[in-house]
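The chains carry the letters A, B, C, D, E and F, assigned in the order they are written, with residues numbered from 1 in each.
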Amino acid sequence: MENDKKEIVTFGEVMLRMSTPGFAKFSQVDNLNMDYGGGEANVAISLAYMGMNAIHVTRFPNNYVGRAAAQFLRHHWVNTSQIIYGDNELGLYFLETGAVHRSSKVVYNRENSSFSKIRPDMIDWEEILKGKDWFHWTGITPAISEGVAASCLKAIEAANKLNVKVSADITYRKSLWQYGKKPQEVMPELVAGCDVIMASAYDLADIFDYPLNHDPETDFPNAAAKLMEDYPRIQRVAYKTRDSLNASHNRISAHIWDGKQLISTDNYDITHIVDRVGTGDAFAAGLIYGLLHYKTDEEAINFAAAACALKHTIEGDANMVDFDDVEKLVKGDKSGGIVR
Amino acid sequence: MENDKKEIVTFGEVMLRMSTPGFAKFSQVDNLNMDYGGGEANVAISLAYMGMNAIHVTRFPNNYVGRAAAQFLRHHWVNTSQIIYGDNELGLYFLETGAVHRSSKVVYNRENSSFSKIRPDMIDWEEILKGKDWFHWTGITPAISEGVAASCLKAIEAANKLNVKVSADITYRKSLWQYGKKPQEVMPELVAGCDVIMASAYDLADIFDYPLNHDPETDFPNAAAKLMEDYPRIQRVAYKTRDSLNASHNRISAHIWDGKQLISTDNYDITHIVDRVGTGDAFAAGLIYGLLHYKTDEEAINFAAAACALKHTIEGDANMVDFDDVEKLVKGDKSGGIVR
Amino acid sequence: MENDKKEIVTFGEVMLRMSTPGFAKFSQVDNLNMDYGGGEANVAISLAYMGMNAIHVTRFPNNYVGRAAAQFLRHHWVNTSQIIYGDNELGLYFLETGAVHRSSKVVYNRENSSFSKIRPDMIDWEEILKGKDWFHWTGITPAISEGVAASCLKAIEAANKLNVKVSADITYRKSLWQYGKKPQEVMPELVAGCDVIMASAYDLADIFDYPLNHDPETDFPNAAAKLMEDYPRIQRVAYKTRDSLNASHNRISAHIWDGKQLISTDNYDITHIVDRVGTGDAFAAGLIYGLLHYKTDEEAINFAAAACALKHTIEGDANMVDFDDVEKLVKGDKSGGIVR
Amino acid sequence: MENDKKEIVTFGEVMLRMSTPGFAKFSQVDNLNMDYGGGEANVAISLAYMGMNAIHVTRFPNNYVGRAAAQFLRHHWVNTSQIIYGDNELGLYFLETGAVHRSSKVVYNRENSSFSKIRPDMIDWEEILKGKDWFHWTGITPAISEGVAASCLKAIEAANKLNVKVSADITYRKSLWQYGKKPQEVMPELVAGCDVIMASAYDLADIFDYPLNHDPETDFPNAAAKLMEDYPRIQRVAYKTRDSLNASHNRISAHIWDGKQLISTDNYDITHIVDRVGTGDAFAAGLIYGLLHYKTDEEAINFAAAACALKHTIEGDANMVDFDDVEKLVKGDKSGGIVR
Amino acid sequence: MENDKKEIVTFGEVMLRMSTPGFAKFSQVDNLNMDYGGGEANVAISLAYMGMNAIHVTRFPNNYVGRAAAQFLRHHWVNTSQIIYGDNELGLYFLETGAVHRSSKVVYNRENSSFSKIRPDMIDWEEILKGKDWFHWTGITPAISEGVAASCLKAIEAANKLNVKVSADITYRKSLWQYGKKPQEVMPELVAGCDVIMASAYDLADIFDYPLNHDPETDFPNAAAKLMEDYPRIQRVAYKTRDSLNASHNRISAHIWDGKQLISTDNYDITHIVDRVGTGDAFAAGLIYGLLHYKTDEEAINFAAAACALKHTIEGDANMVDFDDVEKLVKGDKSGGIVR
Amino acid sequence: MENDKKEIVTFGEVMLRMSTPGFAKFSQVDNLNMDYGGGEANVAISLAYMGMNAIHVTRFPNNYVGRAAAQFLRHHWVNTSQIIYGDNELGLYFLETGAVHRSSKVVYNRENSSFSKIRPDMIDWEEILKGKDWFHWTGITPAISEGVAASCLKAIEAANKLNVKVSADITYRKSLWQYGKKPQEVMPELVAGCDVIMASAYDLADIFDYPLNHDPETDFPNAAAKLMEDYPRIQRVAYKTRDSLNASHNRISAHIWDGKQLISTDNYDITHIVDRVGTGDAFAAGLIYGLLHYKTDEEAINFAAAACALKHTIEGDANMVDFDDVEKLVKGDKSGGIVR
């Protein structure tokens, strides 16, 4: 676990996730399951389980709640040596898990978090990124606060300077972005420093006002092509599609655009979803792993799709499967037979 | 929650429900999940969650078990101000939850309950029903004891006198009716005071000896027409159909007859049932809500069907979904996507 | 439960309490027990269990977390008809329960709560307090924010105008008071409107700079006398003493000063503490109940001390014992024998 | 476990025990711990753990609840081959566990149980008791119903005929005896057939109207002597004393009278009670084991007291300790040091 | 339960099964569910639930862990009178339950178990098998150690001598067989004494080097015919097929060969698997029950397939369904409707 | 947590600890709490919580069970970079927690563990110990197998060569030492390389055949003096005394001998023990911390005794308290008051 050569740095908020057991509504329960999650930390955990040295950078309150969040990351093999501590509150979210036609519902309590109070001078990005292979961030991070957005920009600049590859899952979360800036003002500068972007045509339309024909066949390649034109550092744009039959049954596939052609994977039929949260992060992690370890985009995107499919069966935010599990599925064994 | 104008009164036994966790058999466990339920109280909870003032009338033992049952109803927004207390035992039932080809199994312990010992002079129905919009009872109530049946009749008479609408889900439960009278002797007088009846053709055949052709297309409209002929106060007859592929997968739809035409809803495909108990009560509550708040039968029955569909995903006897959840499904969003 | 004549109004923040099971440290667990508490709501619950109509006024976020907090209060017999809803976050606190020489540890996440954003114009105190018997607040409330302090003042003024008795447990919590005012600026005006104060000599010294001789015999009567001199509306000052042998074993007694004499209760030897949180609120509730229902201060303070003693055996913030339990202990039965 | 020569038959109701976890009040919980218990079955389990063939005779409903009760007895080594099945309801009781000055509280739901409907012709006592060493019953059994009392008498008569020793713990439970007969009418005939009686002076005063001087030194020997005079078959009368400092801390000792002298054990200081229910049954079982396996009354009563002391540390109704545990305590090792 | 005439003896290791709750990975949990299982004991439990006297022979450590394993078997109606005790360790296995495309994973800790140290002289098989109807073993047993294999042979020889029918589920588990012998050396002698064999064409190919055409239609009848030729005592060869769509959804059917014709059952579509472990044992038990109680192979194999189907809905290793449950499914009711 | 300068290396087996919830007996439960522990790893965890870099060296099976054990250590801040993987089984132990006069009982399943199969060539001790401050082992380690004892000797030799301080808690566990050597043959060579020994007079008598006068005042200084005479490298001998009033109530104190004088701490009265396991390891960790960070033996032994006292309130094997908790107790605050 601890001796794979590849090293990745991720940056983002980690929240305490408090979910109701089973399918209970919040008003029915008197205890909650604890977990910790956040888009970038989920990627770090996933890659750590696959053997990479995954260094997550974040800020926690300096009390037992903040330390427990760090301990959770350590537990799941993440390198926590670059975490900083300060202020009093850990962001958290509540989760009611839905089923069939009933949606899962998330309520946040994160506005006053230690992470949101990060200032750019708190983190020495060049020191952290020196000698690393990859830096990953998501669209949630610059949406949190001005200080966090500025820190993210500094990180990207340092990575660019040090020739560390940069990826971003620029998912657009409308309910964030409360600090007075719009994504259209903030995102271009950040995206300009990226090598790989995970985004759907809809995300790109929301953030960059790219036009949509609402044609699933052409919207994505068109938007991806436009993005690579506008931001020439970008080499790959990838995303996953989800056909949500209901909350318990989804079908997914994944797609990657290299500027010339679109490669798509087979469908995965996820007939009995255990936990849908974090499946996008599992896809991102799978793609990063794939791009770092395989020769072709096809292998990379197949690995990403299989990782994403498996995440639907894992409780919690992060994809805690091993490389072997993903590889077995990539090779076509969908039977789920008992391994003794 | 507490300021919707509409007010409903429900009357019936509330039992402690003790269910095995997950899919365990009773002989495998050493702890049980607690819940409380009963056909009419389930309707009250469901309507209280949708914002109505739902007043449940029942009788509990005057000890911590009986008080806890009342507290459960209060917790779920029910108005408990008309509950009376006396005697020693709360009725209860045990539940093993089935899956696929294995049935759920219920064992009752309710023969000696405080509720079964109700006498008609214990409840001042005119006082309770004054100014209310609706009264609801089920076929389980008059099946419990002579005193309970007589109390139910007094309630219906008071409602009729006070121009409070009356509905009944006259489901026929053969294992009850142990006190020496047959449903055929008791039910006609009660049904005669109703405005809305929930019943399948089979229920009507069992209780009123109406003939069945075993033709799903015509049995229900024929029986409903006959019922409205025999009991002219009745304005609507409604029921839901269930296609039970197995214990984990059902398909449901709902139907309403207004004396002239049958309106049917689309099917809901409940692919991953969480809890089937109380889905009929969720349908009844949805129908009452619909008839009180919508202009057309079509809107009302669609609301009832969607409420019933959602109940299959809720643990426990009662449908604890909000109006918004039902409305979203009525509008056609079956995707169950995460709401943040 | 619901028909006692006496009516009390309480005002204060209610937090979600998330505690580790048993004696576990936060870093050891993956689920947390849920409860809700707050000094004044704890008083309301306690008095509701004794049969009073206890109306708690507070503000919750308008989401399932805020509604669940209201449902918890309803569950425990509190009248929730005056609760208002707005903003997004419910204050919460984490609790690690200590034992023997290890302290319990609380971490708060409440700075951004819906309650802290109350403005005085949100609550119509005269409407709420009309015809009520008692109003109770604590020193935590004015420490939260300027808006909350102003609302509390308005409540006291309304109570004074309407001849509703006012009590306050003016416990001093140093870690609060972050909004720019000192207790010395805010408290006098609030205390001036009170009839009954719960406070130790130390609280009075902290808030009013009263001198302390550090003599347990005279410090309290001296400070209480001074307080009643400075604030002539005050008729009684009471407090409880705690001899903390260790986290699992305390001895308590209670004392009341009427301006002339000090009445003290016997000691209660709490040899096996189940939960120490909220024992001061149980004392306050017991005192309010006692002063409203008994003729002598001696009876009232004995009732308060017994209620406080029993709270040490109740899990959660609030004292969920019945009147009979307290009365039995007041009468001297400390044996704890099984009641069948 | 299964090959000790001594064989005992016990007869009595077994109830499902549903207790709140930890020290929670019933109104606070949404799941309950399951256990099964009853005075005589507790004795059977205890003796089965010590290696005897303990045959419990009772009647259960013929459904999964009744069968699970039998399975519980089998699990704990009891011989269930003589259990009969019929009717529908298993008696049950709810338990809130107290602490310090707060009492444990029991609520029963047993009036309509299958056991209470036993008729004497349902059990062939001579067949069951043939070749057995001992028969044990308690004062609860004849208090349940006329049929049960008559069955108990038949059992005692059969035991007397077959020279099987008979013991009875004639504890007096006032809340039972609802079927129209008084203990004074029923008990003499039953007690007359006993060889060993467990009873305190208070039990004897209640049942036989023996006088009490309220002198702990002489009340018991006087009453015991009177009992042996009135019922000459009785050879020994024994009881345990309990000094209940509070619900969490008791001191116990035990005493036996052989018609001539009183032998008393040392005190056991039970400083941290885990579960007080069933400690009398543990004493009875210890005494039966002691009288069957030791030569002197002193050894027997010491064994009984130690068994009773250990039961206070066992969760549930029955004493699930091994012979070695009791013997170690009899020999004086109270240290509770870890055994590896 | 305890008075069915038919008596079966089973022989094999019983392990403590420690599984993660729900679908959690081992690295995510801090408590584990306990169960006990083993191929032959699972058959015994299943048959005991159907009313047979099922005597399981095994060896447990003589400590509380070993005794608890025996208590588990007693709990589930198995006759434990022939279990022997010795040495210190109970074999155990850990189980992570998979879902959809993620496999369940088993890790064993059984190499040093008390069972593996059985020597043939420890068990008097003739004494045990005298007057019994059936003896069952599996291919796991001879794979454990030389002593166990030799004991198994002695059992078969005794059964043959005493005219007790012998069945074997000769499943081949490659990871066992660590003691220096190959199945090809050990199995023939054991199989020669059998009347009924459960095995797929793949098992037969692995163990006896029978050729495979990889044609599902002919492979099994060919292999079965060859087996019956080679081992003339064998009267029936049966197996079940499993179409594993994924870990949560399987389709099964069953087949029996009597030397002349192949009888196959309908498919069972197991759409929501609760627990796949032990489904082969449920099949074996169903077949034994069927062959003992029905007149035709068709009835027997239908019963076996239905029992196997139901096991997929039971948590734990063994099939704890009643005869009525299986019979209802055999008769075609797959609806899983609630039974009240 | 991660930047304290001091670095310690510990070496020993880590077992999975499976304990029954609460005070339940093993035969009563169907789930077990998981934890991991071992004498030396417990020391590492304790020192890691105090801020040291604690590197634990051990060997785990290369499966999810072994990896989870490493993850547990990481979770609790231990440096796991030197753990090696191989073979199949993790040692484990079962724990029933006692109370009052009932002992806790441990059953081991460790004979075939991956750790027991360590060979000296598997670990490069000079590489690991280079630049470290301290090496710690216990008497359990050389008792496991010849390979483990040889590895321990190599570690001590390397430490001596590299001027790394060595401490050992030479507790004597009779049930180990099964591999053919006696402690008297193995221990002298290991003890000779130590600077600090934790041992009671009884341990020293058992291992080195030192005479005992059974005089608590003189036995320890005499034995300690003899030990330092025989093994001149040893600078300090320390131990803790335990007065076990019962399983729930102990009194402890600690003592250190420097060759000239005995320094003893005050008593700690542990009135409500939460978990006694690992308290000796907490003492050892406290002593190591004290000797590394304080100037006087008195400060060091006081720190050790306070750490040990606090461990009695922590669930699990290891002492998860912070430096601040210990320091507060050392300074005399035993009140256990709530920290907010």
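Here is the rule we go by: contacts are C-beta pairs under 8 Å (C-beta built on N, C-alpha and C of every residue); 3 or more make two chains touch, one makes a residue touch a chain.
Keep in mind that this is a model prediction, so the values were computed, not measured.
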| item | value |
| --- | --- |
| Selected pair, greater C-beta contact count between B-F and A-B | A-B |
| Rotation angle (°) superposing Cα atoms of chain B on chain E, nearest 5 | 120 |
| Same vs different contact residues, chain B with chain D, by half of numbers used | same |
| Chain centre separation in whole Å, for chain C relative to chain B (CA means) | 41 |
| Rounded Å distance between chain C and chain F, as computed from the means of their C-alpha atoms | 45 |
| Chain E: positions in contact with at least two other chains | 25, 27-30, 67, 71, 75-76, 105, 108, 272 |
| Chain-level touch network, classified as line, ring, star, complete or other | complete |
| Residues of chain B defined as touching chain C within the complex | 1-2, 67, 70-72, 74-77, 80-81 |
| Residue numbers on chain C that touch chain E, as the complex places them | 28-30 |
| Residues of chain E that touch chain F when the two form their complex | 18, 21, 25-27, 29-35, 61, 63-65, 67-68, 71, 88-90, 92, 94, 96, 105, 107-109, 111-112 |
| List of chain F residues in touch with chain D within their complex | 22-25, 27-28, 98-106, 108, 173, 175, 244-249, 272, 276-277 |
| Chain B-facing residues of chain E, complex | 75-76, 268-274, 306, 309-310, 312-316, 320-321, 325, 328-329, 334-340 |
